[in-house]
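Heads up, there are several structures right after this.
Below, chain A partners chain B and then partners chain C, in two separate complexes.
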Partner chain A sequence: MFSKSHLLRRKILDKAMWALATFSLVCIVAPLAWLVWGVVGRALPHWNWSLLTTKPGGANGGGLSTLIVGTLVITAGVAVVAGIIGIGSGLYLSELCPEGKGKILRTASEVLSGVPAIVLGFLGYTVLVVEFKWGFSLGAALVVLSIMVVPYIAKATEVAILQVPTAFREAAEGLGMTRWQTLRRAVLKPAAPGIVTGLIIALAIAMGETAPLLYTAGASNNFPTSHITHSPVGFLTYAVWTDYNQPLAGSAELSATAAVLLLVIVLMLILLSRLVIRVSKKYSINNSHGGR
Partner chain B sequence: MTQSLASDITTGPNQGDFDYSQKRIDDASSQLQVPLKTIDLSVGFSHSTILNEISLSFPKGTITALVGPTGCGKSTFLRTLNRMNDHVRGFWHKGSVVLDDVNIYDKSVDPLVLRRNVGMVFQRPNPFPMSIKDNVVSGVKAHKLAKRKDLLAIAESQLKEVGLYDAIADRMDDSPFRLSGGQQQLLCLARALAVGPEVLLLDEPTASLDPVSTSSVESLISALVPKLTIVIVTHNLAQARRIAQHAAFFFNGELVEHGLAAQVLEDPEHETTAQFVTGRMG
Partner chain C sequence: MQATWVFDGRSSTTVSAPGDVLAPSRIDERDSGNGVGQFARNDRPMSILKKVFPKGDTLLVWFCKFLSYLPLLALLGIVGELFFQALPSIKVSGFGFFTTSDWKPGSSYANPISTSGVMHPPGAHFGIVPLIVGTISTSLIAIVIAVPVSIGAAIIIVEKLPAKLSGFLGLSLEVLAGVPSVVFGLWGVLVLGPFLSHHITPFISKHAPNVPVLNIFKGPTGAGEGLLTSGLVLSLMIIPIIASTCRELFRQVPVTAREGARALGMTDYEVVRKVDIPWVSSGIIGASVLGLGRALGETMAVAMISGSVTGTFPANIYSTMSTIAATIVSQLDSALTDSTNFFVSSLAEAGLVLLAMSLMANLFARFLVKRVSGTALPVGRGV
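This part shows the complex of A and B:
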């Protein structure tokens, strides 16, 4: 039915596509492995548990305790502020927004996500730190980082909700559920894995930022205070950026340790999201083994 | 009961001290002859007209089958009976749909309460992504028809009513997507019945099921009358003959013929109907 040359072409094409896919995978995995090897290799020989409990400073550079707490506080703040606004925006775009207005909002969101982080940081500095007189502070950092990641969360939420089968909505409407009941009982549950994934990616992006935080959070060797304004906050990427070039003994290793800690926190966030997704998929349409 | 149901769909149920079991007894004792009818109902979307001046009554406690070729407007008609088309872009209608002497398209009618009284089951089983038990009582919870402590008993009783309980008694907390297609459709029927509808609309409920599951669903549908008034859209003429007492034949958005199922499906008056039911068109 098929000529030999036709069959040979199909086999070659099949092999070529496999090779291309494998090459793409290597292109992703290799830099990650190199990155992990590089920073862990530098940090591990000098690892000391006291780094986690000691404040930065001193002749040997000190530890990273205040910076770890600062990073966690900033990340938690972004999760709350950007999470609420981003998920709310995604809900509005997918469920409530008229089509014309939706196009304008989506375009605005895409433009916002394309603005370089350093530009947002500079804007945050001139407006919040200087003009509003907030000073370097947690508040300024949260506002700028949230503005930066809200488009990611909104887009992930919108896409996740739009992927929920229409059948769920019809079933809810057929039972006489209100729009909110339909959303809560029939739409948000199956959309949760997509929303959580978007939120975690956004938090990982926020956690890894340096430039906007230098402009807004400032720098500090102390633990964050309860003040939202006029109180600088230390963060891990500051140590990664600053300590690497310090002439002090052990500074470069401290920088590598801060980088490892950032990787560990991102990994923990990913594991947390996997757990949430696993729980929310218990009754998923794609999980026919769910239940007991 | 006429008065109370009419008041129900316009003002909503008394949610404070609702007696679930009493509501079902009251419904069963209702003696209306024609609870649901359409009068000169025309329906369309934007510039196109899908249905043209349909006047059709659905006798109480009977099954009416809507038959006709694909695209003739049967499903659109069915969805108009509980205002499921309201959110479809460009939807318009003329004429009226009367449920217990109230035009359901009146501004005073709450479509959410209406849909509790006129339930619907769809072509493909569509359980929610929640446990089997929560699926059955999802409508009951949404309308606050029972107290939390009574929900499990209600779920069990509804699953018994549809004949599914024995098969899943120890799996009430499992995912509904572990059930077979037929069991999922029975679950959807249990969910629709749990809110105590007066009328049940079925949009090709066995189209995606195998013959054994189809037989289970048909047996259940037949057992629901005369307690409920049922309107079923079906492409399966044999099914319409098996379960329906009344039938209506639609063609190109027109109601060609309606009456007793035996007459419409076996000895129709119109040539177009005859062509359809004898397989010369379809």
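This part shows the complex of A and C:
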């Protein structure tokens, strides 16, 4: 039947495939490690804790304090705006809407996630900043960033809710709970870890965005004010983008430091989302929700 | 006697009227209640809620309904507004926008002139061909590298690795997806680009054969900013989307099919090649197209790495170039100085082209993946 050389060829092919697959893993992990090392290696020699507490600007570039606060304010705003819209629409699409209708809304939301960030930033500038006369502002930035991440939060909410076993709803129904009680206690509560995880990841993405913010949040060296409009906000990614090729002494280091801070925050958010899943699995009766 | 007949007649109408509107829905609801019918009806638990609380908490439902219409409205608004803003440019540039390659904002000091009723600076001429070429070529490089790497990684994560290690790799993919694109850009322009131009590309350029297709690897290698570096960084950025989708797809291949193949004496390679990949092939294509859509629209990294040269075609794979997205972000600043707003309008038309390209890729990808698997593609960056 099969000659020896035929068998040998198959065995070699098999080994070769696993070798290639292993190599592809290296192709993912090695550049990631190189990237982290490359960025950290540029920031660490000039690391100074005062960078976190001094304002940007001045002769030697200054620090990043206002930009850190700006990024946190923007992210918190996105958490509120996009969180409400995303969770609400995910709830509607998974639990409340009649069957045919959800399809169009869901597709629209998914397609919205494919709109390039720069298109959103461009329109944010021409429409919100110029036409609506909001000026460079927190409000414009929040609208644009929320449009970006709402699809993600909606999808995460929907998936988390669909994973709640039907038996939970039946039990709630059997106990005579009202619709809102059922939703809150039997559906949203077990789905909460999944929703929170999606929200955290969405915030990590929003925090790292630059293109939608450049022409909406503007640029500022001062702390964010309490005005929603007409008050530009500085943010960390702006420093990475602007300072990396500035001739001023210290600005390249500032850019790398901002990049390291962004990496650290993103990594912390991702780890936090994993922690949420792990803790919720530990304390939940059934383990059906959460990823594999 | 007659009374019995009337009773019989009545009972027969209530029980056996198949056209009755109430009867089928009653059966339907009972089915969805016991879980079996539920499964058959595509697992939509809402019908239970509807049955028990037909009118409860209407306000909340309406609020959620309103919220879920917002993405649709935003999408329509984006397309409509972008088209509206691009109109002056469409009127003036016409079809030439897609056939010429100049990218000149014109003289902003001279008096504006009028063409087909639209004011614009004299000498202004915008042609998008080099930008489309740049956008597509960087994305193609990214796809060519990212797809095999992602499939290989997904296979080994699903098939071979112990749970702990595959968890770690999942984390790496998530981190890779979470790295901000400016940080990719920073790394590309400060670390990867110089490394390539010092150690790798001169060697490739020297030894590449001078035959058609492969001669794009010949010629001056530049300083590391350009097509190749952009494509490489883009590939790294879209690997998480493609790899995590492929991972989910491979997990959905039924065990029985694979066990059958193994029982026939197939090697691991043959199982993957003849069972796993064919089973989800259109899903893999869909994932790749989704990655392509992401690469087309990626802005900041490319704006930092590409060298931002408009109006010329890349001469070889190391040439500096620009993409639509990168051009918009780096030129919107100067476009704002054009008092006639024609430059901004041209950028809007460029954005419209980009939007059309990435939305088509996105829709096509979702269409393909939904055919294979019930769980649709990841939204966002594929975390």
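Rule of thumb we're sticking to: the second predicted complex is superposed on the first by the 243 of 292 C-alpha atoms of A that agree within 3 Å, B and C clash if a C-alpha of one lies under 4 Å from a C-alpha of the other, contacts with A are read in each partner's own complex, and residues count from 1 in each chain.
As a convention for this text, a contact is a pair of C-beta atoms (placed from the backbone, for glycine too) under 8 Å apart; a residue touches a chain by one contact, two chains touch by 3 or more.
Note that the structure is predicted; figures quoted are calculated from it, not measured.
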item: Touching partner for A:Ser226 - first (chain B), second (chain C), both, neither; value: neither
item: Which superposed partner A:Ala186 touches (first chain B, second chain C, both, neither); value: first
item: Of chain B and chain C, the chain that contacts the larger number of chain A residues; value: C
item: First (chain B), second (chain C), both or neither touched by A:Glu173; value: both
item: Chain B versus chain C as contact partner of A:Ser3, first or second or both or neither; value: neither
item: Touching partner for A:Tyr283 - first (chain B), second (chain C), both, neither; value: first
item: Doubly contacted residues of chain A, that is, touched by chain B and again by chain C; value: 167, 170, 173, 178, 292
item: Chain A partner contacts - residues on chain B that touch it in the complex; value: 82, 84, 87, 111-116, 119-122, 124, 126-131, 138-139, 142-143, 171, 173-178, 188, 191-192, 195
item: Sites on chain A touched by chain C in the complex; value: 10-11, 13-14, 16-18, 20-25, 27-29, 31-32, 34-35, 38-39, 42, 84-85, 88-97, 99, 104-105, 107-123, 125-127, 147, 149-152, 154-155, 159, 162, 164, 166-167, 169-170, 173, 178-180, 182-183, 201-202, 204-205, 207-211, 214-215, 237, 240-241, 244-245, 255-256, 259, 262-263, 266-267, 269-270, 274, 292
item: Residues of chain C touching chain A in the complex; value: 33, 35, 38, 43-46, 48-49, 52-53, 56-57, 60-61, 63-65, 67-72, 74-75, 78, 81-82, 85, 148-153, 155-157, 160, 169, 171-176, 178-187, 189-192, 236, 239, 243, 251, 267-270, 272-273, 290, 293-294, 296-300, 304, 325, 328-329, 332, 344, 347-348, 351, 354-355, 358-359, 361-363, 366, 375-381, 383
item: List of chain A residues in touch with chain B within their complex; value: 165, 167-168, 170-178, 181, 185-186, 189-190, 282-285, 287-292
